[in-house]
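Below: a set of structures, written as structure tokens.
Next come two complexes built around chain A: one with chain B, the other with chain C.
Then we have the complex of A and B:
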């Protein structure tokens, strides 16, 4: 190409690039505008819950002032009432016991099973892996009626230990499923080396697989935690007295007394009940998202 | 998944050159499959006793009379299908699930693209912010929505009336109540689609877009001819998965309307809860919830196919 041709082409190329960058800038601005609209839609309820929880009862009941802002000064009275005059702390304690136990059971069961299904093979193991995935797709609303009979038969109706019995059906299949994916992604050379060094299966699992697949284990733990913390159908159907209740159901049923809803206190309760999953999400967002997408993007 | 479960025995057999080693190896392999089975045993016990058995028991239960003393065959199903209320529940469940999933998928797709347009540094922040509805336990955010829809204190109505519009009976008029429960479901579920699509968008090779740019393709053409075909499988999996969860949804309707007004917002889950637990007719409740089964089975089969295909694509 002659120098003259290059010189002639240069201005055109420049103008193309500047129009491209102008297009790019417009695309960016429209993206931000629409994202702000969607963000408002997504964040309205949590924002309004916070605002309500910080108001006094008088302001919540008052209908003339703007409900979207705290006009009469912030107060933590709603939280004080919630913690001192209601069963909220009992619900909290019950939920912690149930959730911690369910996470522990889930992790032991699913790590063992995933190791065996992902790395070893026995008769029927591939059918079992498919079966686990299908169980994960069975919703709790299909099972709560027969489980009601089973929980009643073992004498755990209206007892939060019954929740520890039934919640693993919500957590174990998915956790096993994503752990299989993580274990399979570990290079085979690692366990061959361990075998040659004379390691047993349990040693192989605890010394190699668990440390290497730790991100997957954390993602699975977060999943198990959030699912058991948020479970609603089973406690709604199986628990009915306040001393056995868990947070989700306790907040929406027991805190409502009579016809007058104390919305400030209810919102304070809902926020405090939602806080642990939100905190975990804030600090471990990448693991949280890895667990969320693993079901479909890992095989 | 199942077809990718691996074994590394052929590689190992090459190692066993001496006969004694190979005998040990065979012994080891046999022991290994026993140990593998034992490791799966807790999982098998949980699945068999708390999922498979209840599922079968549910079918048996649905064929008993209310007192569970007599076998009455399919009478519960016949009774349900003869009732106008139940036909309305079926209709509402279909409306609820299909429209909610459609709008979740649409909003998820749009927001995923918007975020993907941003400079990489800012994406994390927006993604983190927009996923918040999915992180709050649904029962608790439903309570917040209920308060937003409160008949006398609705904060939405405050905005509407100060802008000069009429107030909306969010939960007290049947059709508005249907709209409201769907709105809350879309609000809750759209972030899940956002995350799935964003992950999928990241996996589309950048070169494809560059090649299309050189050929002079517009943004829309790139979307239709590159993005959609590359994401087809993950869109299908996410939609089907969401369809299952939405068809089976319980929290939103139970908390905000408990099925009212005039049973117009009931879905299968809340209706079977009302019949089975509240009214104490477990067999009828079991029969109601079993109506979900065909839809779920249909979706599950296609999800399994999609996931397997995707597993093969990734290798």
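Then we have the complex of A and C:
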């Protein structure tokens, strides 16, 4: 009787295990299917950009050709013309200056702000921290009219230095908020140990907090970089001559003339404008992960 | 090297008095342990000595100097935290040398001191590692190393062993004692573990509800607790407390626990308790003083019978639990003599070790 019971139990146990592995296999297959669908979905626009940028103007304009492939032979003319006969390089230079300055200003302001708000408890510090975050919730489409008055008043209208003044209103609140969270996650004993070891507040910040919170700081930097590189509304409103224009608005305004769209060059410009963020993301992501796992294996 | 003194120290958070008027003198080189249940104010007291908490009232002296308004770095103290608080981005060497570097010690001196401390703690091979690559015990050693290299006036330990597993805790306890014997620095050590307190301390400070219940050597604390709290807190399993009435017993006195059990007060103590005759008191006796009848010169009046509820064999001894007048009592008997649960056993109370406690004030009489 007992052997029969064992015999009956054995296949049941086996089937449980195989249904588990079947479940797992189905989960994997389903996730791969959806991942592939989404990857295709998100890669179509960049692919379309690359294809269009490599075509000649004639082919782009020709209605009968297949838009998904380059039929008349690859050409780099779009890039050449863009770089030599338009203000693209000026836009690029302006964007780099603006972005680097904005990231630098943002990091200095928000690291100091986050350290004092997150770590040095003082009267009203938590209300102030919430208040800073609330300012981030006001959209730039609402702010650009009053900001126009301010930028005009300080004499920076139609000057990319004005962007360096206004972008931090978008980046500082959010970056401060991210970093308050990071600094607060650092155990309190760490600053107490540093205090006893003889560190002042500035040394505590530079020698302990910044290195320990590096992943958070890099995340904030990526955010500030993205906002300032891709900003559209403010430069649209505050800049109007080509020598002061940045990539986002400059490419669009100089390559669309009335109802004439220079599709090839627009796509080439967009590709080149997207390259620096791509490179920086790739580079900082490595750093970001290295920061997260520092010391886990070997110092 | 310095003595530490607290004079009428008070700490108030909002409206709550966490530490109420504490005075304490710690001579040079002494190892003092502050012990008590959570929320008794022991950690706050330590943090006030460290300068991490401001004091509401009173004075704290380190080496004869009032340090009330001195920041932690100027008090010449070193502290070991419960969660080690190692700097995660620095190697063990950098962790240990950080304080010296900030104080601008010459490189050669730093290297010498770190090497010396690493030798004491046996962590020389770990100096290049990051904290994440260390085990709990190793991290604890590094945290101690960071304190030792500074060669401070006072060591402060805030529950340093609570994060370690039981075996490692015993090992590190011995280690801390060994290190103290080597470096001979005044030490204030906070723990909630009475075994740690008893094994490490030159003197133990028992705290409860923000006040000091008793300051004494471990032996003194065990044999002569001053309050019911101390009597119950020190020793494991805890002392048995039973309602009793003191009554006349011929020429002597007797502690009446129940209708069946009345135990004679030793003649040597009768005179002391004479005035309390007829009063309702609390009788205290440690489990280790309730045994099977084992002494040859024993007083037969101290024997009684009990029906055991629970029997817990521990190996070298067996815990027996029974009730007297509805109150649970624990005894520690020889494993061979214990009967089973539900059975009756002859037990002997070592009345020379008894305590009588005033139920109102909680004072040991």
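Here, the second predicted complex is superposed on the first by the 254 of 299 C-alpha atoms of A that agree within 3 Å, B and C clash if a C-alpha of one lies under 4 Å from a C-alpha of the other, contacts with A are read in each partner's own complex, and residues count from 1 in each chain.
Just so we're on the same page, contacts are C-beta pairs under 8 Å (C-beta built on N, C-alpha and C of every residue); 3 or more make two chains touch, one makes a residue touch a chain.
Small disclaimer: the values here were computed from a predicted structure and weren't measured.
A.B. asks: Applying the touch criterion given at the start, work out whether A:211 contacts chain B, chain C, both or neither, answering first, second, both or neither.
C.D. replies: In the superposition, A:211 touches chain C alone.
A.B. asks: On the A-aligned overlay, A:104 touches which partner chain: chain B = first, chain C = second, or both, or neither?
C.D. replies: Neither partner.
A.B. asks: Let me test your reading of the model: by the given contact rule, A:180 touches which partner, first (chain B), second (chain C), both or neither?
C.D. replies: Once the two structures are laid over each other on A, A:180 reaches chain B alone.
A.B. asks: Regarding the shared-chain residue A:154, is it in contact with chain B (first), chain C (second), both, or neither?
C.D. replies: The answer is neither, since A:154 touches no partner chain.
A.B. asks: For A:71, select first, second, both or neither according to whether it touches chain B, chain C, the two together, or no partner.
C.D. replies: In the superposition, A:71 touches no partner, neither chain B nor chain C.
A.B. asks: Chain A residues in contact: does chain B have more, or chain C?
C.D. replies: Ranking chain B and chain C by residues of chain A touched puts B first.
A.B. asks: Look at A:192 in the shared chain and tell me whether it touches chain B only, chain C only, both, or neither; answer first, second, both or neither.
C.D. replies: It touches chain B and chain C both.
A.B. asks: Determine, under the contact definition given at the top, whether A:89 touches first (chain B), second (chain C), both, or neither.
C.D. replies: A:89 contacts neither chain B nor chain C.
A.B. asks: By the touch definition at the top of the document, which applies to A:203: first (chain B), second (chain C), both, or neither?
C.D. replies: second
A.B. asks: Once the complexes are superposed, what residues of chain A are shared between the chain B interface and the chain C interface?
C.D. replies: On chain A, the residues that contact chain B in one structure and chain C in the other are 192, 195, 295-299.
A.B. asks: Please give the residue numbers of chain A that touch chain C in the complex, ascending.
C.D. replies: Touching chain C from chain A are residues 187, 189-190, 192-199, 203, 207-208, 211-212, 214, 294-299.
A.B. asks: Mind pulling up the chain B residues that touch chain A in the complex?
C.D. replies: Answer in residue numbers: 1-9, 11-12, 32-37, 39-40, 42-44, 46-47, 50-55, 57-58, 61, 107, 110-111, 114-115, 117-118, 124, 126-133, 135-145, 147-148, 150, 152-153, 155, 158-159, 187, 190-192, 195-196, 199-200, 203, 219, 234, 237-238, 241, 244-245, 247-251, 254-255, 268-269, 272-273, 276-277, 282, 285-286, 289-290, 292-293, 296, 299-300, 303-304, 306-308, 310-312, 314.
A.B. asks: Could you pull out which chain C residues touch chain A in their complex?
C.D. replies: Touching chain A: residues 50-52, 71-73, 77-79, 81-83, 85-89, 91, 98-99, 102-103, 128-133, 146, 150 of chain C.
A.B. asks: Can you check the complex and tell me which residues of chain A touch chain B?
C.D. replies: Answer in residue numbers: 27-28, 31-32, 34-35, 38-39, 41-46, 48-49, 52, 60-61, 63, 66-68, 108-110, 112-113, 115-123, 125-135, 137-150, 165-166, 168-169, 172-173, 176-177, 180-181, 184, 188, 191-192, 195, 201, 226, 229-230, 232-233, 236-237, 247-249, 251-252, 263, 266-267, 270-271, 273-274, 277-278, 281-282, 285, 288-289, 292-293, 295-299.
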